[in-house]
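Two complexes, one shared chain (subunit A), two partners (subunit B, subunit C).
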Partner chain A sequence: MPELGRAALVATLGLVLWALVAGGWAARTRRRRLAQSAQNALLAGFGTTTVAAAVLVGAFLRDDFSFVTAADASSRELPLRYAISAAWSSQAGSLLLWLLVLTGFSAAAVLLNRRTSRDVVAWATPVLGGVATFFAFLLVAVASPFETQAMPLDGRGLNPSLQNPYMMAHPPLLYLGFVGLTVPFAFAIGSLFARRTDERWIVATRRWALFAWTALGIGQLLGAKWAYEEVGWGGYFAWDPVENAALMPWLAATAFLHSVMIQEKRAMLKVWNVLLVIFAFSLSLFGTFLTRSGILSSIHSFTQSSIGPWFLGFISLVVLGSLALVFARLPLLRARTRLESLVSREATFLYNNLLLVALTLTILWGVAYPILTEAVRGEAVTLGRPYYDFFLQVFGLPLLLLMGIGPLVAWRRASVRSLVRTFAWPFGAALATGLILLGLGAGSSIPGLIAYSFSAFVLGSIALEFTRGTRARRALSGGSWPRAFSDLVARNRRRYGGYVVHCAIVLLAIGIAGSSAYDTVREGKLVRGETLAVGDYRLTYRELEETPAANATEIRAVLDVRRGGDDLGTVSAGKNAYTVERQVSNEVGIRSDLVTGEDLFVIAEQVNPDGSVYFRVFVKPLVNLIWLAGFVFLLGSLIALWPDAREQRRLAVRYAAAGATSER
Partner chain B sequence: MSIALALGALLAVACVLLVALPYLREPQAADDTLDQPGELQQRQLDIAEIRDRALASLKELELDHRTGKVSDEDYRALVGPLRREAAEALHALEPRTQEAREGVRVEPPG
Partner chain C sequence: MAGKRSPARLVIALSIAAALAVFLLYASVAGGGTPSLAPSELQGRTDRVALAGQVVGRVTGDAHAGGLRFTLRDVKGTRTVPVVYEGSVPDLFRVGRDVHVEGQLRNGTFVAVPGTLVTKCPSKYTPAKNSS
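Now for the complex of A and B:
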């Protein structure tokens, strides 16, 4: 079967190369059948990549260790669910997943848009083909997942820290995000090549951008949850270069999703939007490069490999080529309108964009700094957590405040009188929150206090928006309050879905501020019967248990937990000793209080032969709001993503009236 | 090995057929030119965008005014230019106007 996998990948390379070359030629010479042929090649490329992926996953499921990739990342004892996710835990497997998602998205984007934006699609096809050609070439010539060997008795097994349910979903979601950004990029570049700088490329791709952004956001939260439960250091985000690699394109895409609204509403920022799309896509490539080149040391990254120079070359080509094209098309991208006032919705979006881009560039500098210092001075100098935390506060807190200001300011301009009236309630909520928290002793962390006050301001402004909107809707069409509320959301899903996402970001901010600025930590060595006090909790080490599991031996220290006079049951923390992999993983104990959102987090740092255990225990207030934010974020994104029939009809009328649609 | 080869050959044939499909369907196409919006259609698209943008802005302005986000004074200052913009775009998209202006550049309002 490896021959079939190899043949399928070679076929993919041929097909996407055809999409690049024939598609480019067809767009340039305006040949219809050739353009259709190139588009069909993208569809066929998805089919052949699916066959290749099926061959690889099949090898993992059959424990066919004649495949080097399967032997390196799986074993006979590995549970089935992890055998599937192991397929993309290897470098070559992950590149194959990239290509699979890319060809799938390319085929879907072409199919969905070839009637309404055929001139743009004709140019987007070779761009999509070009990106796919790069990845297919890597898989065929540089990092093949179908290398074979004499079949060993067993594989080396999967890294124990990757044997976690969150790790099954985290990488595919990140790939959906990274690769999803290819579609807006291809259509933006396609529209520039075609000299069509109207709104169609935005209409065609904004849901792709939103989808990619949602997938990246959820993927990162799942990665944070995995780090929290599996890595066992007491946190969920460490500003690791590979974590940053996923955060940067998400931030750039966040900026794009806001600024694109300015183009839609005010026909402004055309150049900025194209640049943001190029920036976000280049960052997704850079993130992939960081993970796969082995240039940086990270628990997430793959080992040293030969694909780094190829990636650097491709990223340079994308960035320089795209910028040259934007420069050549500048006259077509001139804005028709100007910013009327510095106090307007579009102005707040602009400030939001500047802060987001500044934060992204700051993180990029932090990620690139060790690489640059190593290249220049021969010694890598890493910028640590204080660097990132400082800039997160500098740019993040104003961003949080803007989330509350933006929705309350009208488009074009707003007078001081209306602003004072509109801001009164949210400002009161923020002030009251700040004073109450100060009274409760939250002044120990000024950034935390500011974050909570700003969060109250944002929630106040969102509540005001929903209340006023529902009241206005009810006044207009009558009916009940719930009916008016659902009508309001249904008639403007992007706006109100966006507000729900803002609520998620507020929950995230509260969770991060609470768990990082107000946490408590204690550590100590305990023998059976001894007690450790942490915050309001008292933990008594009861016993050490050893249990054989499917592919590991589980060692757990059991602690009785009491708070005040209440018995809260037990919490267990320890180690897993994996037999095949010959590795030991940290298994933390977490007791969540779903009412307060607080976690008691126990790490058994060292289990000694005499049965004593060295524990590190955290109390993390409000940390569960971070995971709750994930659900709210998903809900808001789904509301915004949900197809809007009214909008579809309006667009259909617009394109039909202008003769832009085609049956061919 | 033989099954893999057979499947590989089948896959290759299917791919070639799919890629060649436009030529197999129309071996002698009467018109093989990629259909693209002409200059006039592109201008119509641009104006339709302006019309839709102005109408959506008017709708949003009405809602913002009704909810109290926009004061009466701001509303009066903003509603006029938006209505004018929408009216000019609607007028420019009328068939008779299009015929009259065919070949003449339609300057988008605003």
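Now for the complex of A and C:
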């Protein structure tokens, strides 16, 4: 079996190398047959990678521990569903997942676009082939997932904290996002090579970018939920470099999704958009590099890691090569229109972009700082939570405010007087919210209070947008209010889907502000029968239970929960002792209040031999809005992603016209 | 002259200036980061640092009563330093693991800041290979 896997990978390498070399030559010399052959090689590469992935997953499912990767990350007791996710928990396995998703996406992107934008696809093929060649090369020559050994009796088992449903979905979703950004990147580079400077690459890859961005966003939320429930320190995001690795491309892609709208509407910011997509793609490579190269523990361990230097070389090649290409095409990318006023829709998009990029760069600086200081001074200096929190407030709060302003400002030029009239309602909502919350005692955290007021402002302006749109729609075509409303959304999916996503971001902001700025924490050692008061909760430690499970022994401390005079039932927190992996993991107890969105979060930090337990208990207001935001985010993205026949017709007409002019 | 230029450039220039100003503000308010050192580099340092090393020897005491006592050794070396720590102990903490803890050296013992102990796993996704 491992021979089949290795052979499939070698075949993939050959195929994608053909896509790179023959595809590049075909695009340069405009040979259509050869270009077709290169594209078919890309499609076949997906097939061979699938075979390799099937062999690897098969090894995990059959508990074939002669595969080193399977022995390292699986065991006989490991439940089947986790055996599949264990397949990509290793370095080589995750690279194979990258390649699988990449070849799959490349095949789909080529098939979907080769008829409508032939010249761009002809050039995008070698770019996609080039990226795939890099990963296939790593898998064949540097980090093979098919190394074998004499079969041991059992595997080492999967890290217990990864034996969690969220961890089954989190890595693949992040990879869908990371890899998905390759497609817009390849098309952007492709159209630069093809000397095509219109926005066709943007239109062709808009849904790819949106899809990648959605997957990345949902993947990160699942990761946060996993950290919250499974890692169990009482938070959901810790500015860990591994988390930042996924956040940075998401922020860059957010900027990209906004700025392309300006190019589509006003043919501005062409250079900026290309730079943003290069930035986002490089960051997704950098993210994979960070999590996989070992550079985070130290530069010294990085130079010993097998894939690290290769990754760094490839990232440099991508960045420098793309920038050189953009520089060579600068004269073609000059915009014919320019910003007319600093108070206009375009300008708010520009501010939004600057803030997002600034936030991304400060995070990048924070991630790179220990690496840079170790290289320069020989002593790694880390920037901690205060650094990131500071910049999240400095750049994030204005972004939140802009989200309320942008949608209501007119394109080209807006008069200040009309703005004052437009913003009367949202501003009133923000002011009222701020004052009421101040009265309720939210003044204990100024950033929290600002975040709440800004959130009210954004929600006010989104509600205003929906009301105005629905009213106009109803005036135009009559009918009932709900009818007019659904018509409105259906006719402008991208715009109103975007507003729904904005609502999700507001929920996220409220959830983060509530749970981080207004949380309560108490801790103490309790013997049976003793009580701990946290906020308005009273917890009484009742008993310690021990139950054997399939692959672990579960120890739980059971607590009775009361609030005011109400009995809220019990919550249990404890530890799992995993037999094969010989590890202990914290299993926190969480009681969610679905009405207020508040969580009671109990950690049994230490279980003593005499039966007493050291507890740490948090009350986290509004934290459930963060998870709710995930659903709203997905809904908004789906609205914006949904196929739109009207849009297709409009584009077809526009392309026909553009094609006629370009062939002239 | 200014009227001919695109205001976008003005915006970009101003925002770069603003970003720099914010950065300087941050640097002056919050100071720099925390240096990360190995036990062998700790000699003579009394400022607050992050200590990275491998847990060796015996682990004694109670992290919630009087403090957990253990010894950290250079990950690749022999120099050791005794550590006393109070607060949450991560699941993965035990002898043989690489850990990271913040604090100050006082009279030859590294006194940790409560709650700063974290295990440095090689990666979140791979299990440690030193379990056997």
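In the analysis below, the second predicted complex is superposed on the first by the 647 of 664 C-alpha atoms of A that agree within 3 Å, B and C clash if a C-alpha of one lies under 4 Å from a C-alpha of the other, contacts with A are read in each partner's own complex, and residues count from 1 in each chain.
Keep in mind that, in the parts below, a residue touches a chain if its C-beta (ideal position, glycine included) is under 8 Å from a C-beta of that chain, and two chains touch if they have at least 3 such contacts.
None of these values were measured; they are calculated from a predicted model.
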_Combined model on subunit A: subunit C and subunit B, fit or clash_ = fit
*Return first, second, both or neither, reflecting whether A:A122 touches subunit B, subunit C, both chains, or no partner chain.*
first
*Determine, under the contact definition given at the top, whether A:R338 touches first (subunit B), second (subunit C), both, or neither.*
second
*asked:* Between subunit B and subunit C, whom does A:E530 touch in the aligned arrangement: first, second, both, or neither?
replied: neither
_For the superposed arrangement, I'd like the angle with vertex at the C-alpha centre of subunit A and ends at subunit B and subunit C, nearest 10 degrees._
140
_Under the stated touch criterion, which partner chain does A:E3 make contact with: subunit B (first), subunit C (second), both, or neither?_
first
*First, second, both or neither for A:A414, with subunit B first and subunit C second*: first
*Nearest CA pair across subunit B and subunit C in the overlay: distance in Å?*
16
*So which positions on subunit A get touched by both subunit B and subunit C?*
none
*subunit A - residues contacting subunit C, complex*: 72-73, 89-91, 94, 156-159, 161-162, 171, 233, 242, 291-292, 294, 297, 338-339, 341-342, 347, 350-351, 354, 358, 362, 369-370, 373, 379-384, 386-387, 390-391, 394, 525, 575, 581-586, 603, 605-606, 614, 616
*asked:* Give the list of subunit B residues in touch with subunit A in this complex.
replied: 1, 4-5, 7-8, 11-12, 14-15, 18-23, 26, 29, 31-37, 41-42, 44-46, 48-50, 52-53, 56-57, 60-61, 63-64, 66-71, 73-74, 77-78, 93, 108, 110
_Going by the contact rule set out above, which residues of subunit A touch subunit B in the complex?_
1, 3-4, 7-8, 11, 14-15, 18, 26-27, 30-37, 40-41, 43-44, 47-48, 51, 118-119, 122, 194, 196, 198-200, 264-267, 336-337, 408-415, 417-418, 421-422, 465, 468-469, 471-472, 475-476, 650, 654-655, 657-660, 662, 664
_Touch list for subunit C against partner subunit A, complex_ = 6-8, 11-12, 15, 19, 22-23, 26, 29-30, 32-37, 41, 50, 62-65, 88-89, 91-92, 98, 120, 122-127, 129, 131
